[in-house]
Structure formats: structure tokens, C-alpha cells
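In C-alpha cells below, several structures.
There are two complexes below, and they share chain A, which is joined by chain B in the first and by chain C in the second.
Moving on to the complex of A and B:
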């Protein structure tokens, strides 16, 4: 079996997503996130090209603008302001969680074998689009579960969102544009609010370790 | 396949192979150093400087520590011999020096021959009893331990897909079950490239131009060698650079559309160009990035292992 362009792009986005898990340096995480989302943008354009759904191009452009260009730069700015460089104590060592992510890619391959692919986009009997989407979902969950810094939590949320978006795009002919745009706006607002919240956490707690936020402070 | 291939082709293959084995390794290093120098706004040594260095070293008088045994003097010879043997076995260029079927280039043989060369380098480093040699040796072995699974898994995945452990068949340009497996080739290539950065003691793992013995890995091990002994160790290392870069480049080359590489000349040019462009890429990395702290290195190697796991998954699923 040869990988079609669609499948290759889907797998590329999944692999780049898993590479986010591999380091605790937040700046590297952000640039991996950028490339990971760029692969998803390329995939959206490609699906638009195959299915002749013109609105997917607009969605791709909006995703490029918001999730590839704006959000990582904004988070980078937040990082600089809040003076956090790396996620000090992850619950699981970064390399280990990356390998766990790679294994979850295999698990999602098995899980997705029952989900039929989109007519015309997938090859007969292939379901790598939903495999990639599920694996990205798992990656995001791993990121949120294993990291302590609030910034990693935001990143994990973004990765999960990417997974859901990819699932929608690969299984349907894209959601209505209004829904996509609404989601994008929501993500944007969510990230900005949590970014600002991060400042306040940093100011009042002098760290951004979410595992200690439950401790009471006078 | 039998030996009935005509003599002319064998001569052409072996001649080109010999020429590339002699010229390419030092030239690759020369290009790497020149590019790094240009990045730092220096003119840099000429491209052929590694050749001049080797010629100079071969003329010098050797100094051997009085505590060193025969092992210290023989280790670079063994190292070079193993590397020359490996150059016949590893498919690091598109041409095969030996016609198929005469020697089996088994992937486990290759990995353990690399291990054998490392073993003797480490022994020689420990033999002189210098503290720095011990440092370097201990680090080299630690790195090798971490990197070896990645290399083995990458090669084994290709082997499993092709249904053979003979690398010369896995990497041959005839139609096999691996033809068109771009994802597998690419991931395996990435994994091999990342691991060869560590194996060759290049930048993220080790700074080859450092002056501080405390941070050296490979350089610390050959600190005691001089003259011809050093020259042999250096040639061995140069060949290793060309072999490992060539191996990962061959993986990337199989990702290219096959009609581009249909004839002999195109493949030969692509192989040579590929090794040189990987060397340029390493020079780029070394100019832009810094050496990783020793405790951070497992994180870097984990990326190579992750690539290997990905290719394993693909090899399983496809």
C-alpha cells in the first residue's frame, strides 16, 4: 500500500504533534505546535482540492492566520512576559511521554479501523485520517495530564482542539463555515483569556504549576 | 543473482566505488568545516585540508605513552579495518562494489561491526590511563547504549518490510516490497540521521571543535594518539561519517520519485550530492544550535527512538 498525499499529510500532522511531547522546553514546544498545525492547514487545503469544497480554503486560511501565526506568537510573548522557559517537573519524563504518544498512535490505528473514511478522499478501506485525528487527541490529553506548567495545559488544549477539528474535516465534507469560524473565535478568545490568567497566576503564586493551585493561600 | 554480470560493469562499479571511498570522506569533512567557517565570517581552511592534515600526520614521529600497551597502537588499525569492511557492506552509495549474493550484508552484522570498532577505540582510550580518555570512553559507551536501539529498530523495520535482513537487498533499486513506502523510508531516514549525529559525535551530542577536554566525547578518546596512529584514527572516523550519512541519505533517496533515479549516473550523482548536502545541513545545525547539556542528551536521543517507533508502527500496519 502506498500512502496517498492525504494520508501522508495526516500522518505528518500526527507525528509532529507527538514530537511536541518530547521536550519540556516551551519554546520548542511552540514551534513544533506551529509545524503541526501547518500540516493540518495543508491537509485542509488538500481535502478542499479533492472534494471541491471552496469554503475549506477559507477555513484553512483562517486557521493559518489564527493558529499558526497568531496563537504561537501570543503564547511566546506571554512566556517572555511571565518569564517561564521550561516546564520544570513533568509527571512523566518527556522522552517517556513521547514514546507513550507513539504507542498511542498504534492504539488509535487499531481503534479507528471501524470508522469508515470519507468517500472519495480515502483510498478503499483506509482510515488513516481518523487514526491521525485520534492520535492527536491522545497527544493533547497526554500533554495536559503529564505537564504541570499552565502554558503546557493551554498547549494541550490547543492540540486536543486540533484533533477534533481534524476529525471533523476528515470524516465530513467540513463543518459549515459558520461553525468553523465560531470554533476558531472561541479558541482564540480561550487562549487569550488563559494567557492573561497565566499572568495573574504568575503574579499571585510566583509559579505557574497547576498541580499546586489547589493549595490554599492567604 | 549470479556473477554473470559483465566484467565491464563490475570494473565501472568498483572503480567508482574506490574513488568515492578515497575522496568522499575527507572531502565531506572539508566541506563541513569550510561551511562552518563561512557561517562564522571566517575564510576557513581549504576544502582539501583534511587530506593535507593526514599527509602531515603520516610524516611525523610518533610519541607513545610509556604506560600504553600494544593495544593502544593496534586499535586504530583495527578501527580502520572494520570501517573499510563496513564500507563494503553498508549500502552507503547507490552502487554496490560487490555483486549481489556474494556477501550477505546482514544488518545485525553491520551494527555489531560498528560496535566492535567502538569497543577497540574505547579500549585504546582506557589503555593509556589518562583521565580524559576514561571520561571520553565512558561517555561514548553511554551514548552508544542509548543510540543503538534506535539504529537497530530503524534498519530492522526496513528489513521486516522487505522480508530480508540483507541490507544490500533492502536498499537495492530494484522493485521490492519497499518500493513506494515513502513514509517508512522517510521516518527511518530521520531516525538514522538523528542517531548518526550522536554516533559521529557531532553537535547536539558533542562539539568536535571544543578546546575543553571536560566536554569532549570523541576527541577525548583520541587525545593520546599522535602521528600515524592519529592519522589512522582520523581516517577511520572520516569514513564512518561518510558511511552513516550515506546510509541515512539512501533512505531519503528512496523517497524520491523512482523515475528520477532510473539510470546509474543519476543515482551516483544523487548519492554523492546527498552526502554533501547532509554535511552542509550538519554545518547549519552546528552554526545555529549549541551543544546540549549532558543530562539533556537522552531527550535528544529519544527523538531518534521515537522515529524508530513510528517506522515500526508503519512496518507493522502496512
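Moving on to the complex of A and C:
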């Protein structure tokens, strides 16, 4: 099976996303997230190159700055300060959840068969772009669902956000600059706030296990 | 174009009521009480001006679309004052005036029974809102405007029922009322949206119900009207809410609010020329059942106000029957019968509004004086409340449809329509139904006569059955007595001059059936002559039989049965009066009587006799209770979904997302 560069990059980002599920060591998780986002940045640049949409380069640069460089470093700093190393007692063991992620990749392949994506970027009849996006979405949800540590929740949220971003990029000629930048800013603020919250949770409860925060109901 | 004066008058009425509402709010903010005089003056002034507006509108004689104020969400806020609304607006005016007149006597503005302060600001505000909502419901020209004011009206009525909200029963009643009116609104909204989808407009005037595609809307409208009017099996809330609302408000709610539902049915289905036979037969069946059901329960009821409420169920059933008959006749191409039936409907709705509010005010007067409505506690009120007795008597005569009252006139028309239907050349089953309906109607009429004989006989005649009923007699004509006398005079007037009244509603009828049949010719009975004849007969009976009292004639108190002065405990009670009939229909009423006689020789020398009568209202205990249990169970089950765990909530999100994505790709 012959993959175009675009498809190869999309699949790479999806697989790197699934690899996040494969370990409970938070530091490793963060590095996988870094690589996974890097693949998405590369994909954005590539789409910009094909469609001749110059603003995609700027978007890619911003994503690189915020999501690849800043956010993982920030979260690493938070981890060190809060003294959490790994996400013990996940609901589903890490290897199993990675396999689930792989299965979800197949499911998203089936689901996305009717979403062909951009003309010109994809090969005729190919829908691997939306498959990857959806798979990343599912990966993020799985991450949030199966892990206990608050840091994994933040990471899951970030992965979901990546999935949505990828979906937008592969389906359209890039969203307007302003929207893209706004989203990025929102993610940044969200992560910083939740990082600080995590700090306080750790200080007050001596743990960051969200499964024990059950006062959500009335 | 209507003369501007009637627009001005309607506007003035709304203005007066709105100012009243504003005043009550200001008074609340200032923590004072709005003066009764001012509030009542505003209420009455608004009502008078609305009534005068209706009369002015009547003389204009043409349907007018006089205001399209501004854009109101989906459509304009437009009103129309056509001939169909006029009788209902007049009824509103009449009942509002009567209840205003009696407010000061019936509402204890300082303290109520349990010693809690009665919130008069709250009460006046709601009464004013209720009137405002009702008037604008009657005037609204499109569905959205209608729904908005319909809600204002329903919510105001429900809040009035909770006026004495510390009482548990009032809370329950208000909950039941609001549930019913919510259901009705939901069904109406569905119907209106369907009609909008079909016709592309929200204007009532352009909706037609002939084509098959309008069937769901017609059915939904019928069901909503049935719920609002308290037709079986949705009658359960009526007895509770009528009994708990404060007197004047109860008169308004029972006299006018239910009629707005009838008005809606006339405006949409009759004006829209509904031809769906399913709708017609369902209406006929529901109306028949609620006729019989209502009067049977009224007969065995002990609480005077609840009795009146069940009687309302019966009368509403009758009105629905008449409407469905008119639609049936129209469908069969018999415009004369349709015209007679629709005349009967309109006239009976008006009459019922008058005499039911009269009876309700009388019952409230009794409640106020004796502090009880239980028939087993009352008795001998004829000497203490002579005016109330007179009014209640006239109201009962009217509601039992005895000549020369107005009830007779309108029921006569309905009977006549059925008689004519039975001899027309229509399909056999329609003729059979007509004949059967004649039997059922006369059966119901007889039962209602028994029911009101019981109400008057037990409450007003005999001796007081309790200390509570031995209050000081009323002196002179108080405000509430005046209202009662005026209303009963109107009852007699409407009955004796039925021809004039029918001529007055001819424009409305011409609009309804479109055939231009003169309604005045539909009531050929020479009432005046008949009344004269009855008067002469009565005088002869009195002069020849009752007049010359022989020496051997003695006077007893009513329930002494000729035995001489018995104690009040030996008198006939309401339960014993209605017991024979209750026994015949014990299957329907679920009436159970247990007699327990104790003593060594229990046959000849019983030491203790204990009789217990129990009645379980079938619908309430089975259908409603099951339904409420089901709702409670499902709500409890649903709350279990809300675990509070982040992960479970995420799972829900995840599953929803998968379903949505799947739907998005498949569809």
C-alpha cells in the first residue's frame, strides 16, 4: 500500500498519539505528546505547501511554539513541583488501553469512510486524514477515561484538542487566522490554569486522583 | 375597520389591569398594602371597559384586525376582536365584576383560617394578571400571541390556587393544576407548530382543518382543550383546584378559564371546518364519559365546592358533545343541525359561566360564614343566609336545566339538535348515536337534578348539623349577596328572554357556521307564555292545595319526616341522600359500605353501630397514581446516571460523541 506524504504524516501523528496510551510514566507521556504534536505541525506545513495557503505556516509556527515547546515544558515543571512521576492504578492497564486505541483507529477508519476531506490534498477516495483526526480524538478520550491522575486528564484534553485541530486542518483550507490563534490562546490559558489547579489539589489532598473528586452531583 | 373607540376601550382595560399589577409591585417594594378600594376599582374599571369594548365591537359587526403592535419573536403581536370573542369577553366582564363585588366579603384581608397573613397584594396582582391574560387570550389573532397570554393566564390561575400556600392540600392542588395546564400547553404548541408547517403562517384565521394532513394537529388541539376544560380522564385536577382557590378567584377560574378552552376549540376546529371523523367521535366519546362520570361523582361528593367542580366536569362534557355534534352535522352536510348545535354550545358555555360562578360564589359565602364546606356539617342555612339560599336555588334550577332558566334554553337547543339528527337521512350509526345521546343526556339531567336537590336540601334545609353552622344570620344585602342576586337575575333574564339573547349572538354564529341561519328562530318555544302558564299552574296549586290549610296540618322542619322534632343527628345527611344512587353505580364509584353492629343481642338491642362508607375514585387511584409512580421511578433511575465521577461523565460524553459521529456519517 502506497501512502502519500500527507497520509504518512497523518498516520504518524495518530500512531504517536496511541503510543501515549502505552505507558503510565508521565514524563514519557509528555515526550510522546511532544512528538505527536510535532507530526501535526509537520502535517500543517505540508498542507500549507500543497494548498499554497501561506497563513498555515504561521499557524504551524504558533502551534510549534505553544504546544510543542511551551506546554510540555510547563507540564514537566508542574510535575516536578508537585512530585508526581507516574499515573499509578489506571482503570485499564496501559498495554490494554494502547490496544484499545489501536482498535479505535480501525473503528475511526470505518466511521470516516464517508468523510473524504480536502480535494487536492488527499488522493482520490482516500480518507486517512479524517481517520487520523478521529482516532486522535478517541485516543484523547480514552486517556481521560482510563487514567486517574489529573495530569493525564490535562494531557487527554490536549490530545482531544489536537484531534479537533487536525480535523479542521484536513477538512478545510485552514480556519481563519483569528480563530486559530484564539483557540491556541484558549488552550494555553486552559492548561496553565489547570496546571495551577493541579498544584492546589496536590497541596490540599496529597494526591491528584480525580476519581476521588465525586462532588459533581447535586 | 372598527371604530377606534372599542380599541381604546380594550386598551383601557389592559392599561387599568397593568397599572394595578404595577401598583401591587410598588406596594410590595414599599412594604405596604395596596388599598382594597383602589385594587377593586382598577379591577372593576378594567372589566367594565373591556365589556364596553366588546359591545362597541359588536356594533361594528365585522371582524377587525386592529393591532399589529410589533414583531414578537416569530410573528407579530397581533390582536383581533371578532364576533366570536364577544360573548366570551362579556362573560369575563360579568364574572369579573361579580367576583370584584364579593371580594371584600369573601376574602379576609387580615388573617386566614390558620392565622397566617393573607397576602392581599399578591392576591390582587394575580387576579389582575389572570384577567389580563384571559382578555388577551380571547383577543389574540395568532398562535404565538395566544400561547404567551395563555401561559400568563394559566400561571396566574395556578398561583391563585396557592394563595393559602401553607396548606398542604393547596400545594397539591396547584401542582396538579400546573401539571395539567403545562400538558395542555405542550400539546397546543405541538399542534400549532404542525399547523405552521402545513400552512406557513401562525394566523388563526388562515388555518383550515379539512385536509388529511391536519389530522394530528386537530387531535392535539382537541386533547389540549379536553385537559384544560377538565374532560374525563383529565378531570382530576378540577375538584382539587376549585376547592382550594379563594372564593372570587374560584368563581373566575371555574366560570371563565375553562371557557377559554371551549373558545379555542370553536375558533380553531369549528371555524377551521374540521372534517376528521376520528376527532369528532373521540370528542363525542370523551364528552359523554365525562358527563356521566362528573355527575355521578358530584352526586356522592360531600364537599360543596368539589361537588360544583365535578358538576363542571359534567357541563364541560356536555359542551364538548355539542361541539362534536355540530362538526358531525357539518361533515354530513346538514347546516341547520350544525347551526343549532353550535348555538347551543355557545349559549351553554355562556350560561354555564354565569351560573357556575354564581354557585361558586354562594359556596364560598357558605364556606366563609360556616368555616366548612362539608355537607355533613352544614344544614339549616336557609334561615341564616336567605339571599345566598335564593341565589343558590336559582343557580341550581339553571344548572339542572329547568325552565324558565337559561340552562333550560341552552340545553333545549342541544336536545333539539340531537332529535333532528336522529330523524335525518344520515348513516345509521350516526342516528343511533344521536338516539343514544338523547337517552344519556336525559339520564345525566335527572342525576344532576338529584345532585342539586341534595346540595340545597342538605345545606340549606333542616337543622344545623354542627356548631359551626349556627352562626349569626346575615343582615341586609352585603356585597357578596348583591353579586349573587345580580348573577341570578341575569340567569333568569337569559332564560326568559332567550330569543333576544340568541338574536344578540347571531353575528358570532354567522361567523361560526357561515350559513347565515338566524339563531333567534332556533328557539321557537314561547318562553314567556310558558312561564305565564307555569306561574298560573303554580298559583292554582298553591291556592287550591297548599293554601287552604286545614286544621289537621302541622308544620315540621324539613328532614323530620313527620315524626316531630328530631335531633340534628337523626337528619338525612348528604351521604344517605345519595346512597341509593351511589349503590346502583357502585361499580363505577367503587363505593363500599361497611356496617358493623356490636352488642350481645345485636339484632334487637345493638350497643354500637358503626357505618363506614368508602369511595375510591377509580381514575385517580389507578391511572394517575400509576403515572405519577412511573414518573417518580424513572426520575430516580435517571438520577442514578449522575454519579459525580468525572470518568463516568467522560464516558457519557465519549459514547454520545461516537453516536453523533456515526449518525453524521450514516445520515
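One rule holds in what follows: the second predicted complex is superposed on the first by the 213 of 218 C-alpha atoms of A that agree within 3 Å, B and C clash if a C-alpha of one lies under 4 Å from a C-alpha of the other, contacts with A are read in each partner's own complex, and residues count from 1 in each chain.
We adopt the following convention: a contact is a pair of C-beta atoms (placed from the backbone, for glycine too) under 8 Å apart; a residue touches a chain by one contact, two chains touch by 3 or more.
If you're wondering where the values come from, they're calculated on a predicted model, not measured in any experiment.
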{"item": "Which superposed partner A:213 touches (first chain B, second chain C, both, neither)", "value": "second"}
{"item": "Which superposed partner A:141 touches (first chain B, second chain C, both, neither)", "value": "second"}
{"item": "Partner chain(s) touched by A:91 [first = chain B, second = chain C, both, neither]", "value": "second"}
{"item": "Partner chain(s) touched by A:52 [first = chain B, second = chain C, both, neither]", "value": "neither"}
{"item": "First, second, both or neither for A:203, with chain B first and chain C second", "value": "neither"}
{"item": "On chain A, positions contacted by chain B and by chain C", "value": "none"}
{"item": "Chain A-facing residues of chain C, complex", "value": "639, 642-647, 649-651, 653-654, 657, 661-662, 665-666"}
{"item": "Of chain B, residues touching chain A in the complex", "value": "180-183, 187, 298-299, 301-303, 305-306, 309-310, 313, 316-318"}
{"item": "Chain A to chain B touching residues, read off their complex", "value": "1-3, 8, 11, 15, 18-19, 22-23, 94-96, 98-99, 102-103, 105-106, 109"}
{"item": "Contacting residues of chain A [partner chain C, same complex]", "value": "91, 111-115, 134, 137-138, 141, 144-145, 153, 210-211, 213-218"}
